[in-house]
Each structure stands twice: as C-alpha cells, then as structure tokens.
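Would you mind keeping the following structure in view while I ask a few things?
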Amino acid sequence: MSKITFLGAGSTVFAKNVLGDCMTVPTLQDFEFALYDIDHERLKDSEVMLKNMKKKLKSTGNIVAYTDRKEALRGAKYVINAIQVGGYDPSTIIDFEIPKKYGLRQTIADTVGIGGLFRSLRTIPVMMDFAKDMQEVCPDAWFLNYTNPMAALTGAMLRYTGIKTVGLCHSVQVCTDHLLKDLDMPTDNVQWKIAGINHMAWLLEVTRNGQDLYPEIKKRAKERQNTIHDDMVRYELMQRFGYYITESSEHNAEYHPYFIKKRYPELIDRFNIPIDKYLRRCVNQIEAWKAMREELVHNKELAHSRTGEYGSYIMEAMETNVPIKIGGNVMNTGGLISNLPEKACVEVPCLVDSSGVTPTHVGELPEQLAALNRTNINTQLLTIEAAMTSKKEHIYQAAMLDPHTSAELSIDDIVALCDDLIEAHGDWLPEYK
Amino acid sequence: MSKITFLGAGSTVFAKNVLGDCMTVPTLQDFEFALYDIDHERLKDSEVMLKNMKKKLKSTGNIVAYTDRKEALRGAKYVINAIQVGGYDPSTIIDFEIPKKYGLRQTIADTVGIGGLFRSLRTIPVMMDFAKDMQEVCPDAWFLNYTNPMAALTGAMLRYTGIKTVGLCHSVQVCTDHLLKDLDMPTDNVQWKIAGINHMAWLLEVTRNGQDLYPEIKKRAKERQNTIHDDMVRYELMQRFGYYITESSEHNAEYHPYFIKKRYPELIDRFNIPIDKYLRRCVNQIEAWKAMREELVHNKELAHSRTGEYGSYIMEAMETNVPIKIGGNVMNTGGLISNLPEKACVEVPCLVDSSGVTPTHVGELPEQLAALNRTNINTQLLTIEAAMTSKKEHIYQAAMLDPHTSAELSIDDIVALCDDLIEAHGDWLPEYK
Amino acid sequence: MSKITFLGAGSTVFAKNVLGDCMTVPTLQDFEFALYDIDHERLKDSEVMLKNMKKKLKSTGNIVAYTDRKEALRGAKYVINAIQVGGYDPSTIIDFEIPKKYGLRQTIADTVGIGGLFRSLRTIPVMMDFAKDMQEVCPDAWFLNYTNPMAALTGAMLRYTGIKTVGLCHSVQVCTDHLLKDLDMPTDNVQWKIAGINHMAWLLEVTRNGQDLYPEIKKRAKERQNTIHDDMVRYELMQRFGYYITESSEHNAEYHPYFIKKRYPELIDRFNIPIDKYLRRCVNQIEAWKAMREELVHNKELAHSRTGEYGSYIMEAMETNVPIKIGGNVMNTGGLISNLPEKACVEVPCLVDSSGVTPTHVGELPEQLAALNRTNINTQLLTIEAAMTSKKEHIYQAAMLDPHTSAELSIDDIVALCDDLIEAHGDWLPEYK
Amino acid sequence: MSKITFLGAGSTVFAKNVLGDCMTVPTLQDFEFALYDIDHERLKDSEVMLKNMKKKLKSTGNIVAYTDRKEALRGAKYVINAIQVGGYDPSTIIDFEIPKKYGLRQTIADTVGIGGLFRSLRTIPVMMDFAKDMQEVCPDAWFLNYTNPMAALTGAMLRYTGIKTVGLCHSVQVCTDHLLKDLDMPTDNVQWKIAGINHMAWLLEVTRNGQDLYPEIKKRAKERQNTIHDDMVRYELMQRFGYYITESSEHNAEYHPYFIKKRYPELIDRFNIPIDKYLRRCVNQIEAWKAMREELVHNKELAHSRTGEYGSYIMEAMETNVPIKIGGNVMNTGGLISNLPEKACVEVPCLVDSSGVTPTHVGELPEQLAALNRTNINTQLLTIEAAMTSKKEHIYQAAMLDPHTSAELSIDDIVALCDDLIEAHGDWLPEYK
C-alpha cells in the first residue's frame, strides 16, 4: 500500500482540502493517509474528521494518525508539508509586536520582511530534521511543501537536502481568473503565462483568443483605483511596472518600500493597507475554529468536492502519467529565469507526470520585474545563509536587505530589532553566534 | 476561420495521417486545411483523398488546395512542414551513389553523414524562403517541422528566423513500447524519460511501478543478440553505452564510426546492417504508391483512426489548453541539456498548451551519452554554418567532422566527394564560394 | 602616425594627467594627441598647456586641437572619454535642487540615485553619437571611458554599439593602500583582490605575506569609528557586511537606504555625511580653476610626473604587449561574477596587453555583497532601458528601484520628481514618451 | 623559509630547467628546493647537479632531497609535478606495442588516443595520492602540473581535489614564433591570441602592427606543403579548418581520424608521419642520458640561462605581484570558452600575480574549432570518469570515443584491446570492475 504523509495534519481545514481531494481521485484510493502533528488533540480532530469524510465519500484509503514522526514518514511516496512552527502565540505575535515597537509595521509577515525572516529561521531547522528522517525512511518520496515562507524554505530543502521537493502555492492558479473577474472581464478561452518568485510572480501574458488583454485590463484597473477596494497595491504596481502580480495587495504592501512609510502616513488609507492583517486573521481563525470544530470534526455527513489545490492533482498526475501544468517553486538551476540568480527559488510553469515535477525554461523577465524580484531574493538568500550557518551577521544582513525594513529603519535599529527578536524567540530558534 | 497549412501536402499518406487526425479532433473542426505542394498532380490527389475522408469522417473542416505558396500560408495559425527537396530522383540517388564511388556506404542518409549533410544543404534555403513568406503573411503561426534532417533544419529555423518552430519526430513516443515489446516485457504502468538529440535521444529512465527496468532489459537484449534481428546496432550501443536510443539500428549504423567499416566487412552481416536501405525504401514506396493510389485517392469510404503522430495532439493542446507532453526539437538555449552546446538543437520533453511549446530543463546527460551526441552535433552545427554562409569550407568541415565519413575516408577524398556532390546537385543547391 | 583622441579635453587638469602621463611613456612618443571639446575656450587652454608641457617633457607627440568631432576621431587608435553633459550649471544644480524640494538629499549624485539617473539620461545619447562617429572614422579604436555614471554609460556602449570599450575609475587601484594607510598598517607586500560593480566593488581578499589582514583591519576600523572621521559610512558597511568597498563614504552614503534618512536625522552627524558635497566641490573647482588657470595654462615650465591613472598604462600595455592588470568595467557576459546578472556592467580584474582588455573570471561573490550590488544594478539596468527606449515609464522604474530614493519617497513623489527633472532638463534630454 | 617541491625531480634535465630558472630569479633566492623522486639514484643525480649549479649561479636557495614524499611536500608553497608513472619500460612500450597488434598505430600517445587513455589511468591515482598528502601538509600550495596527459590529469585534480592547480605546457608560448620562423616571416611586434584545449589550442588571432597575418601565413604554408617537412599535418589542418594549432604534427596526427588510416597507407608518407616516434625518442633520451649524465651531474661549472618554461615566471609573478600572462590549463567553469563543456579542462590566457592564476574569459570559438576540440574532450571526460569510478565500461567508452581509435578499430577490437592493456598494466593500474 502506497502512503501519503501529511505533516501538520492538525491544520484540520487544510488537511480536509488536500486529503479530501485525494479521496475523490480514483488512482489514490488505495493509499494510506498518514497524519502527523505535534499537537495531538488537533491531530485526533483531523483523524476523526477524515474518517467521517472517508465514509461519506466512500473512499477506500486508510487513515492512520501517528505520534511518531519517523513512523509517519516511513515508506511514504508523497509527503505534504503544512506546518507552522511556533504558532500564533507566541511566534506570530512576536513577529508583529516587536517590530512595531521600532515603528516597523507589517501586514502578513510570512514571506520576506522581518516577520518572514524569523518565520524562516524557526522553520528551516525543523524541515532539515524532516529531511534527515526522510533520507532514512522514505528517500524517494516527493515532498510537497505548502509551508511559508515558500522561497526560503523550499530553497533550503532543495539546496541542502537530497529530497525531491516542490513548493506549492495556490496564488498562481487563481491569479488570472481573480483579476478578470474583479474587472468584469470574461474568463473563458484565456491563455496566461506566469513566472517569477513565490508571491511575486508575474502575469507575463494574458490573451483571449489570441488577443492581448492587458490594454483593457490596465484601462479598467486605472478606473477602479478611483474608489477604495481591496487590491489597490497590486493595481498600483501593475500601473507602475506594467504587469499583474500573483499575490494580493495585503502581501505586496510589505514586499516593497513604497506603501507602508512613516513619512507618508496617508498611504495606508490611500492604498487601503490592512496593517496587522495576519494577526487579526489568526485570531479570527482561532475563534472560527472553535465555532466550526464541532460541525467539522464530528459531522458524519461531511461532504467534500475537489478544490483547486495542486496537491491531489500532482499526485494524480504522478500516478496516472497524464500530464498537468502547475506553477511550482524550484531552484533556478541553469537559469530557468535567466536574469534571476541561479540560487534563487523561482516559481515557474512545471510539467508534472510520472517522471515527477519538471520545470520549464522561461528565459528573461522584463528588466523591471527581474529587478523587483531581485530585491526580495536578496533577503531570501541571506535568510538561508543565516539558517544554514547559524551566524547572526547574516540575520542582520537579511534584514538590512529587506526593502521595507531598510526603508523604515536605521542599521542600528535593524540590528537591535533582530537581537530583540532572537531573544524573544528563545528556544524556538537554534543558537546563533 | 482558422487555418492549418500543410507544406508538402503531396505526401499523400502523411497528409492523410496528420490531417486525418485533425479531422477527428472536435476543437479543430472549423479549420481550413490548406494544402500546398510544388507537385500539382500529387497535390490534387491529396485534395481528392482528403475530401473523401472528410465526408466519411463527417468533419466540417474546409479543404483547399493552393498552387501559390504565399496564399496557402496567408493567415495560417499552424504550418505543417513535410517537404522533400530534390526527391528520390535525382537527389536521394546522388546522396547514395556518389559517396559509394568513394567507398562510403550509407543506410538512410537523412540525418547526419554525407547524405544528411547535402539533404540539409538543399532544404535549408527552401525553409528560409518559407520563413520569409510566413513573416509576411502569418508571422504568429506555429511551424511544426516534420522534415529531416531534423536537427539541422529546425536549428536553422530557430536561429535565423523569428518563426515559432518545433521539430517533431515519432521516434520518441514509440521508443519505450517498441523496446519492451521486442523483449516480451509488459508495457503498462511504464514511466520513461527521453532526452538527447533527434534520432539519438536517450531513454534515460524506464521504470515500472517505481522499479528500474534496465537490468532486465539489458539481460534480455544481450540474449537476443545471439540471433540475427533488426535492431542489433541499437542493442549493441545500449550494451556498450548503457542506454537505449530513440532511432532504429538502420539509422544508428551510420551515425557512429563503429559499424560500417571497410576494414571490418564482417560487421555488416554481424549487425545485420541494411546498406542502401533508404534507396530501396524509396523505390518500394514509389511502387507501392502506384498500387495504393487508386484505392487511397478515390476511395469514398476511406476511413481513418487517429494515429500517434504529435501534430494533431499539439494543435489540440494549443486550442484547448489541456496540456500534453511531447519530445520536441528546440534550441538548447540556457543549457536545457547542460552538457551539450547551447546552439545545438536538442530533443527534450516539452509541455504544450495554449501558451505554446515550452521546453523543460533536463540537466546533465551521463557523460558518454553527451559525448556521442556531441559527435553528431559537430556536423549539424557546421552544416548550418555552411548553409547560412554559403562557404564551401564549412561543407568540407561538416563532412570531415562526421564520425562515419571521417573514419572511412581521407581528407582529400572527403573534399573531392563534397565537390562531386556539389556539382551533381546543380541547381538544387545555391551557389557556394 | 597613431592617434589618441581626448573627448572633453577642456577638462584641463584631467587632460594634463592622462595626456601628460602619455608624454612620459616611450612607446607613446609618436602619437598625435587630438583634443576635442565643445567649449572652445577651455579647449584652447588645454592645447596651450599641453604644448608647454610637451616642450618641458621633451615629448615628441603632436598636439592638435579640433573643433570638428569627427575629424578629432578620424583614424584614432585610442579614444579617452572624459566629458560632462550639461555641466554644473544648469545640470548638476538641477540634479540636486529639485530632489531637495521633495526632501531627497544627495551627496555626489553621479552614480545611481536620482542624480545619477538623470546624469546617465543626458550622457548616454551623446555617447551613442560618439559611437556612431567612431563606427565611421575609427571603428577599431579602443574607447577608454572615464565618464560617470560608469556602469550605466559603459554598459550602454558595450550593449548597443560595436565599439571596444572599457570603463575606468581610479577607485580600484587606490582602495587597499588608502584603507591600510588610514589604519596605520603597512602597505608593502600586500596582495588584494577586488570585484563588484563600479563604486561598489569589494575588497574580497587582502593579505600580507599570505596572512589575512581583515581581522586586524576590522579591529582597527571599529576603534576608529569612536571618533568622527571622513570614512565612517564605509567602515560601517564593512562592519555590517564584512568587506571594504572601493568608493568613499561620501558616495556610498547615497547608494544605500541606510544613511540619509528623514526619519533618523541624527545619522547625518553620526556618520559625518556631507550632504550636497558635489555641489560645493563644483563651485570650489570653478573658483580654483580661475586661480589656477594662469599658472597652469601659460606656465612654460609646467612639469608632470606620471600619475596612477590607468589610461597611459593601458595604452602602453597595448603597444608594448607587456601585460598589466587593471580593475576594468566590462559586461558580465558569461557570468564573470556568477551571481550578478549577465547584463550588468561589472568591475573585475582585467588583463591588458596587445590583445586588448580581457576580463578575468571571478566566480561567486559572498551572497550579501552580490545582494548589495544587485540593488544598484537594478537601477542601472532600468536606466539603460529608459535611455535606449525613450520611455518615461522606465525612468520612473529606475528611480523607484533606487534604494535611497524609494526609501525616502512615495511612488507619487518619485514620479512627480522625475517629471519635474525631465522638464527642468529641457533640451538636455531627448524626447521621452 | 618558503619551499618549492619538485615531484619527479629525477627528470634531471627538466629539473635543471625549472629549478635552474628559479635560481636566476631574485625573489626566489630564499626558497628551499625540495626534490622528490621514487628513483633514488636519479634523485641523487639531480641533487648533485643542482648543488653544482647553485654554486655556479651564486644562488642562495637550499637544495634538499627527500625520499619521504610527505616530508618533501610539508609546508610547500609551490609544487612542481613532472612525474611519469610506469616509465618507458614497461608502460610506454605497452601503450604502443599492444595497440599495434590490433593494427592501431600511434605517434606520441601521451594526450588522448589509446596510449593517452592508459597513461591517464595509471597517473590519476598517483596524483590523487599527492593531493591527499598536500591536503594534510601544504593545503594552500599551488600545484603546477607539467605531467601529461595534461587535460585529463589537470581536470581530475581540479574536479576531485581542493588543491589549487594549473596545467602548464610550453606549446602555447612557442607557437606563434615557431610558425612565423618556419615561414620566414618577421616575429617582432606580433600580437596573438590562443585558446582551446591542451595540444589542440588555436591561434585565433595573429597580427603584426594591427594587420592580420593569416592570409600571408596560409599562402606560404600552402606553398610549403609542396615539399616534405616536419609540420605537414598541422599545415593541412590549418588549410582545412582555418587556424593553426599549438601542438606539433607528430602529436596532431593521432588526435584526428584523418592521417593514420589503414585504408590509406600512403598518407603516412604524404604527411610525413613519424609512427612510433615517442618510443624512439624515449630510447634516444635514455641513451643520451647515459652520454650526458657525467657531464651534467658532476659538472661544477654547469651554467644555466633562464628558459622560457612558465614555472619560474609563475612563481616570480606570484611573489612579486608583477603580472604575467600565460596559457594555462584550467576548468572551463562558467564557460570561459562558451561552446565547450563546462567540465572540460581548457587552455586559455590566464593572468598570474600574487592573487594566483586567474583565467580570462574567451567567449565562443569558431564552430569548426570547438567541434574538433569536443571530439578530444569526449575522450578526456570519459577517461576521468573511468579513473574516478573504477568502471571498465568507462575505459571502453573513452576508447570508443577517441576519433583515431574508433576510426581504425571495431568495437570488439577496442574492447579486447582495452582488456589486453588492463592486463598488461598489472599493478600499474588500480583494480577495475
């Protein structure tokens, strides 16, 4: 019996989506779904829920919860990674509140920026441990990474472990439809091409029946900017740099030095920027979970229709050899995107079939897009450097190279802030020298 | 109405296959099928045959024969190229008979070697003319090249015209099945990976349910070499270099210096090498055509089931945006195969969908395979150099770099042979200086 | 008679240095020194001065002033470029004063930043005209570019003209000595290696008798930061990023987002940053020139000893074939510095001899140094994009990607500032759309 | 006291040249010259000779002979490698005589070809041992490799040890002068550029006072081919491929499939090819040594003037930091020659100074030259593969890819020949599986 191992299976809703998807796929029927989480209560919840759903869906997969990680991984063919290290409390709170003392405001803090940096620093060591286990008990498994910060984590896995890894984010597949719907434009027969880095990949082409849609998109987007809406940062970036981005305004607000500026407090309203958004979202999710838990966990009639998440589609393609195309995060080896560094982890179209995940060659990005990507890659590469060398200086450098952090703070404040964050993290971080 | 233009439509059987395939594809129903050939009689035959077949298949495509090439191309969305310049008589005869006077024997002569070289030299100028027309009347069309010598022709198109081109050969898709059937091994659930250059691409991986099939393949192949069969050269190459090749023994016999050797006349029998095979095949085909013509051309009940040729699948994938994977011939830009020259035309897995043909990144070939490829790429690159500069010295160099030619002949004989071939070709070649 | 053409010969002091150097070199004795400047009065001054100096130095070169540029260039073997487009008044004043209205302060404004950007935009078109002339009258000449902004100008020449060009700056050759002297360390037997981009190249290695000097350098530098001195920014960058930089603190203060920050006004004093330094320097130079002119121009006893400027050494090496090593600015083709973009203009060790200027392969920079370089390369590449496409959007993008500009200003202010600068420049810029 | 270690110091004449050169260099006066050889008698001879010469030259270096290799290497700053493994008898005899039984004739057998292959196979393991010792006792030393086969040996050192290595051959520095003198052309003021692989590097440019000398060279060379002379192969290659090669006709005769051909026995006379030349040379050298020994070893008046060998110049440049340019053998990392494989060991202009040996970027070779290089690189890379994996199959592949071997022999004969050679080598080779 083949095995799909889900690390972080206590994320009940996400486990429902990805494993529920799997239950709907004929070729994945005979798999064991191995659940693992360090939170045994949540693990139990997920197990119960999935077993209910399995019955409802008449799936024949075998659901097993493990409290021993290595046993969960043993013999796995696929490993889904959806963990969070440190949780909302204390880690996410730390990521937001300490920078705030220095006047550094954030929105999501899960990609780059000071929050993304520390999220990477506490997660990479855990993933290195996963890799060590996998080398021992399932060296040929595919590791499907859903955990953020995507580029730093996936890059570290690909550069420092031999584990076959791809990084996955739903921001690619929903990008074009989202944009067109927002602008009341038709979405059928639309062809698009997206490449860049995770959360800052570019809609390079968007055509309908062979016609370039960008002129109309930009015209409508410009009009839309006259009213307040939720995607103002992205539209502004598109107007200025010429291309639409995969990740939302609430994310992109903190990837650039342009939007959250002490010197221009009015920009927060002007671009409708939700400072501390992720903090509020976490609190809401925790509340929502309480409300939802009963209904989800013990609902014997729990239904599920296949979502758009890549996970089950990838495993299906690998099993059936019917190819699919995904936007995957992979090393830029050989210069898939020729004007980004080879050590960058890039998000490019990948072909998936029984031969695995094979990235395609993209070529050169328009210079301004490559330039914006490079400003974020700078931090990502230094973050990996810090995590793998355990040198504080690289933490400081990662932070100093972050466009938003360096725009807002002085070097002294950046260093003091990093020191505060290292201390506040306590045992959530390995020792730095 | 969109348009598929077929250049060399007088190849009635091939036109039947590719355009017949198209007639069975729902998304290609409303296309015009534009037929063009310089042989108006054969063009007429194909037109009649296709119109019969269309009725039988209840296809709604529009079949139009053109005697003006530019009109045939005007507005095309796809162009199929399946031409032969110079034909059996005089060109193929020249390609075989003149080398034979120098003691240089060939089998197929359509890839590299002295025959492949001159076949390229007379075909590239014609394709440059196609490209010029296309730039004028259908600059955005995809050019699906089926014409050999694949690497030299496709390489010349990709390097010297702006036309979107992919080179196609059925040798990739049939490779693994053919091998396994020959060895009485099961073909279901088989995963494979092929990359290299056209006619010398390598079966890099072949597994069944995750298990490497090569040990069993090599064992059976070795046994099979004890009796005379049709694939002895390929099996020998696999035993010596470790991997199976996409093209047949009758081709590979002349790509290497190992098999057709004046000094070892016994090898011809030992490896069952069909000298002059292509000459005989042409004569047979001409005869067969006479016999088949009536039945094919005027057969109102002419049926067709979709073949495995890539053509219709590619157009379907581009129209429907449902991805497929093909083995396509593309430039090695960015080092898709990192140990082959970037100017080589390589055959690698490509993803096809509405964004076009996107090559995937392969990485490094095992050193001995890259080495064998390089010996043939040498001739291919010099062939293109000759065709694009019109310098005789590059013709000589291309021939001197061909492994089989240089193994058999002295420099003086190679030069004299090239001069004889240039003269014999007369107006079929542009002027060389 | 061979010919060295000096464009911008009205820069009397610099012409004295480079051409005076040439007069001391035996192998350059029989050259014509062709002087050209659009300022005919200054041109005359330089001519008179050089003729005096020639007599004094008993040089046999022939000094000729030209008012027709093409005639000055005709038949040249070497062309020295030391021009300034727009001069102190109006252009330099504009470069500083208009940004200041937006609160954007600068120190030198000749490399990147808003000032460097516009300096490039008004200079690149002039250099494209030089190249056009040179293609006509001296296509094989070596173009030794001393004009700033070095990376953008040299990059534009190398990418868009066929002229053999190298960019030269004395910051490389004086770097190590300067550092060691400042720290009271011995300078004999010191080996060093420098690579990066102009004005931000890195002292990658500095050893004495095989011993790494960096630990001692950093120790002394740290102590020195306790008192106010002129190189505080550079020392701070070394402490934070681990390596010393080729250009001075007054330059580097504006290449990064760390030092000139509205939000941290105290940093100006803390790091002793000379805001508007270049403006004051220009005024002083103009005053100094008035005082110096008589003494320099009509001084029949004007002596000269060879300076350290690369110019005469390069021409001597090319003439004598005795090799020298320089830090030259060249295209990063083939990834000389493998983690910087191939289109970047990089400053790397180059070998100069009769075969010309040949760059050496550097390999990978430490990640944090490559990252800092990339933040400046971003602006440089977009600057070239703007100059060569005449699109305003690329001007805005170049400015938005500048680390200092984007840290200080909002997008709206950046765009308004660019528009103001375009207008203020008037005919000094070509038309942008 | 710094130390130069000479491995293979029993090569008395070569030791005289390189270490004698060193004795004439002021900056190398205070070095210890550490001599090592497994032949203690020859080692003693060299010691005596060098001590005599030292007195005569009034050098102050310290000459010490070692019989313990690790002690000889301990603390070395430079290591000269000039060894021969297996000697004339038995190894060289084996390399020639066994192939001859198969009808495979050779001339020098020290580069590629069947002889070069086995010479590499017995030498690489010894050099890996050197590297192991050096890692322990002089990890920072520069390893100057003079031992052939240059590309395979230097490539193996550079890829599989961390030792700073450059491969040196005098064929580069004498190439142009040799050619011009042979053709009675002046040699002053000549500029040239050479790049390729060792023994097959190309004279890419040769000018005098800016004028291309190739037309005149080719005219004279063509005339000269009317009479029998010693460089006929090289001239023929130049006429056919357009460029002159660094290594002599006696070498190049066996690098290509064009000259030593069973089927064309007349070519031996026509191109004046000295079959078995190296065998005769060895015998002559052994005889000559007997005659010369007394005079050389015990000659208290032994004088020496500095030769053109790179060795002493490289060490001088590293010590004084006065740069020189050499043709050095280095890895093609980053594509120094962009159309050769990155794993090839290439011979390119290198800058040498106190920063070490820094290769320069060459770019693309003319296609026909790259093609010829690739035919030899194929064998070199497979040779290294064989030596590092201990797999017989790679020995066979290396031989099958050799242009001369594969032109002359069948696969069966090649394999049988390799097996014979492996057996004949006995303990001179490690075990192959």
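Going in written order, the chains are labelled A, B, C and D, and every chain counts its residues from 1.
What we mean here is this: a contact is a pair of C-beta atoms (placed from the backbone, for glycine too) under 8 Å apart; a residue touches a chain by one contact, two chains touch by 3 or more.
Everything numeric here is computed off the predicted structure, so don't read it as measured data.
When you average the Cα atoms of each chain and compare centres, the chain farthest from chain B turns out to be C.
Centre-to-centre separation between chain A and chain D, using Cα means, comes to 54 Å.
Separating the CA-averaged centres of chain A and chain B is a span of 43 Å. Multi-chain contact residues, meaning those touching two or more other chains, occur in chain A at positions 338. Each chain pair that touches appears in this list: A-B, A-C, B-D, C-D. Those residues of chain B whose C-beta lies close enough to touch chain D in the complex are 103, 236, 240-242, 256-258, 261-264, 267, 338-339, 341-343, 367-368, 370-372, 374-375, 377-379, 381-382, 385, 393-394, 396-397, 400-401, 403, 406-408, 410-411, 413.
Across the complex, chain B meets chain A through its residues 140, 191-193, 205, 210, 321, 323-325, 333-336, 338, 349, 351, 353-355, 358-361, 363.
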